[in-house]
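Heads up, there are several structures right after this.
What follows is chain A paired twice: with chain B in the first complex and chain C in the second.
Up next, the complex of A and B:
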């Protein structure tokens, strides 16, 4: 659970650190595909969606994050529904893996670690690693096969979405800050999605969106968020972007 | 400051005995408490905290660190039930977490985490009951929730104060009051846990004794690190818990006013954790925290070094591995097998430490003793290879 906060914190720090580094417009959205990966030209593409990691709540005046249970319920069902619809349009067969088991919990933790490394060292290029230059070859290892050995799927999809809406007090305080010449942080809306090979554990695709839009509590907002999170999703062999 | 607040909020969400803990908001008289059956969170703040903890609980339930031994779980639950009463204890879901530090935590949704380092350190059932009762009070009195509300209100005020010239002093005052609020809740939990010890017939002195022991361990550790023991510090302005010495003292004074009881449940406690003890002490030894572990072992032995304790002590010295430690470890292993010739692990340790000193023939003989006692051991192939006479 603390891990989750760390990833959120890392992402938030990236958002916050953005303007300092940037001469050119800040890049807040990046994706990467494992070299040469495309889905097979024919046949069913079966994807297991691991229960999405969703955080949604309000930023208090001082900037504390306060989870809102009702928003969470709405966001969860809207996001999963929107993902199903988006997958159908892409010709994917998605099933939801809702049950937490030891192998999944273990790989979630590993996944967060690997993704934060990929974000830090690759996607946004803040601390590039020479050994990762020109490649995107992170992997969770073949242990992922233990997550859902019975599942009728070849790929696993991780989804993370974090939204904090400013409370009225927060908006007022931000206004005062702005009047006094400070920076207005706004609410934070970010997320990432990743596709993993359920046999080898290789991360096939990763997309991170640090400044997402759309109110995920509504069907339209969730649909637009899912489209942003699926940006750069791998195509089928012989086709362009789906 | 932002980070400090965020970590405060996180700490508040999980009210841990060694980490967090207070209440001017005591007057909640006619309210239904979370320990009553069917309680549901009321407003948005409480629902949000519950949801976050429910999500965390999903992960913990499937964690590799969970000790899922049904017998041990049932035992810890039974101690909680005796302490707080059958009517209430059902509201808590206990998770035993295998991690060697002393801690327990209770979330507002009824999830209670008990770290295995606590099971190792408690010397009897009454000491365990002290900590379980303390955590249960945090839950029952909704301390996490109060703490979050307190931090939220005060940090909001601090934000506004930051716009006002001269607001800094008031901000610092508010920060301090957040910690004071926590200390008050801790003390409230300490005193209510003592009442529980009294009503359940456990020795009330156990409450101060477990802190006494913890303080001793912290001092031993600090002495080794040439630092000031945390227990030595004064009642700091920014401390979330009352200092250990104060705790010990007010608990001891209050326990004297209770009806004395000699029921500390030492025998049944030893029996209940006996199967786990070797693993718990092994985890502790592997922390590589020599001074604290040595203190713990001496406290457990109280002059009577059993074969098990000698084995653990030998392992501790072997792990540190200074030249004089190797000699000491060899001595402790020898004393251990002398006390109990059936303790295979001690034969193995003795064999390995002899090999390390170049005493190959005797070392191999000791390893063969180990294999004779534990032929099915997981490392028998490896040890077998080491025990083989060269050229055979």
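Up next, the complex of A and C:
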């Protein structure tokens, strides 16, 4: 419990500290493509959609995040439907990998670490690694092939979505804070999506949105969120975005 | 319903918008580089970066893809009564201290207990302790695994340590068990075996 309060305090400090350092509008959405990657000009683009990694719940008055199972079910259903539809609109031949297995669980965990590293050291440029200058070469390794060895796909699409809605008490507390001149941070809504080579595990494309919008519990909101997370999705060779 | 501390994902993401104190400098491939107070000379392969932020006054930290994905730490000249790391904020107890008379197994315990405190992890298991060389000096090699809280992922690590002129020298590599450890461990072993230790001459100033 104490740890929860510490985390909340730290997050509040991080958010509150942001504007002080901001000399220009803060960039909250960025993507990167592995050097030279485009989909082949012809033939099917077969993509395995991994079940989205979803965190959704309510921020209590004390600042603790409380998951909501009912919201999770709705968000999962809507996001999967929207992801499938958006992928098909881009001309991808998609199949859904909806079964959680050990290989997927461990690669999801690795994926979160890799994305965190890419955000910190590459995409937002605040803590850059010189060795990554001019290149985007993170990988999950060839072990990704163990996730779905029978899949009829060359690429895998990982997606993470986080939505924290404020409780009534939290909104009231935030209103009081705002009236006293403090920052009203609102709920937190962010996510990222990545395309992975199912043979090598190389991350071919990554898009991160730290300030997403849309209520993912609804069809319209989920469709909007998926489009935000698929912004900058790679094109076929010789074409614009699919 | 359950309460979920989101320290990892939120801090990682929001932290991206914050300037950090540490800076990184690229290391040239296949060129000798003085490490950790110039008490070691290492010859890395390509892609490594060294941090200006040090885990302690007598150490240095490198990474290729980000510290969470690969971390190579060099400790050099740790003296009697010193800890491996700077004390963490709000630490409930002091970090264990090095003693010059430590046996190889006690050095491994020092490393293990220090990291348990630094990582706040109880799931830290050491295995495969065996004699090894650190550069040309006799020492001990040890392997370990641990699971960081909130990450859902196991890390593997390997360290090689030696006591030279009463001071501790140690090189530690740690990375996620999935992909990253196996990808680099052969290269790390090569780096460790070719490491040159430059302990100060007896009587020289610290």
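Criterion: the second predicted complex is superposed on the first by the 223 of 242 C-alpha atoms of A that agree within 3 Å, B and C clash if a C-alpha of one lies under 4 Å from a C-alpha of the other, contacts with A are read in each partner's own complex, and residues count from 1 in each chain.
The rule we apply is simple: a residue touches a chain if its C-beta (ideal position, glycine included) is under 8 Å from a C-beta of that chain, and two chains touch if they have at least 3 such contacts.
This is a predicted model, so every value here is computed, not measured.
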item	value
Which superposed partner A:129 touches (first chain B, second chain C, both, neither)	second
Which superposed partner A:113 touches (first chain B, second chain C, both, neither)	second
Touched partner set for A:72, first chain B, second chain C, both or neither	first
Chain B versus chain C as contact partner of A:169, first or second or both or neither	first
Partner chain in contact with A:61 - chain B first, chain C second, else both or neither	first
Which of chain B and chain C A:146 touches, first, second, both or neither	neither
Which superposed partner A:100 touches (first chain B, second chain C, both, neither)	first
Of chain B and chain C, the chain that contacts the larger number of chain A residues	C
Residues of chain A that lie at the interface with chain B and also at the interface with chain C	57, 64-69, 105-106, 108
Of chain B, residues touching chain A in the complex	2, 5-6, 9-10, 41, 44-45, 47-52, 55-56, 58-64, 148, 151-152, 155-156, 158-160, 163
Residues of chain A defined as touching chain B within the complex	1-2, 5, 9, 57, 60-70, 72, 100-102, 104-106, 108, 169, 173, 176-177, 180
Chain C to chain A touching residues, read off their complex	1-20, 22, 24-26, 46-49, 63-66, 68-69, 151-154, 176, 178-180, 183
Touching residues (chain side chain A, partner chain C) in the complex	3-4, 7, 10-11, 14-15, 17-18, 21, 26, 28, 55, 57, 64-69, 105-110, 112-114, 116-121, 123-124, 126-132, 138-143, 162, 188, 190, 201, 208, 210
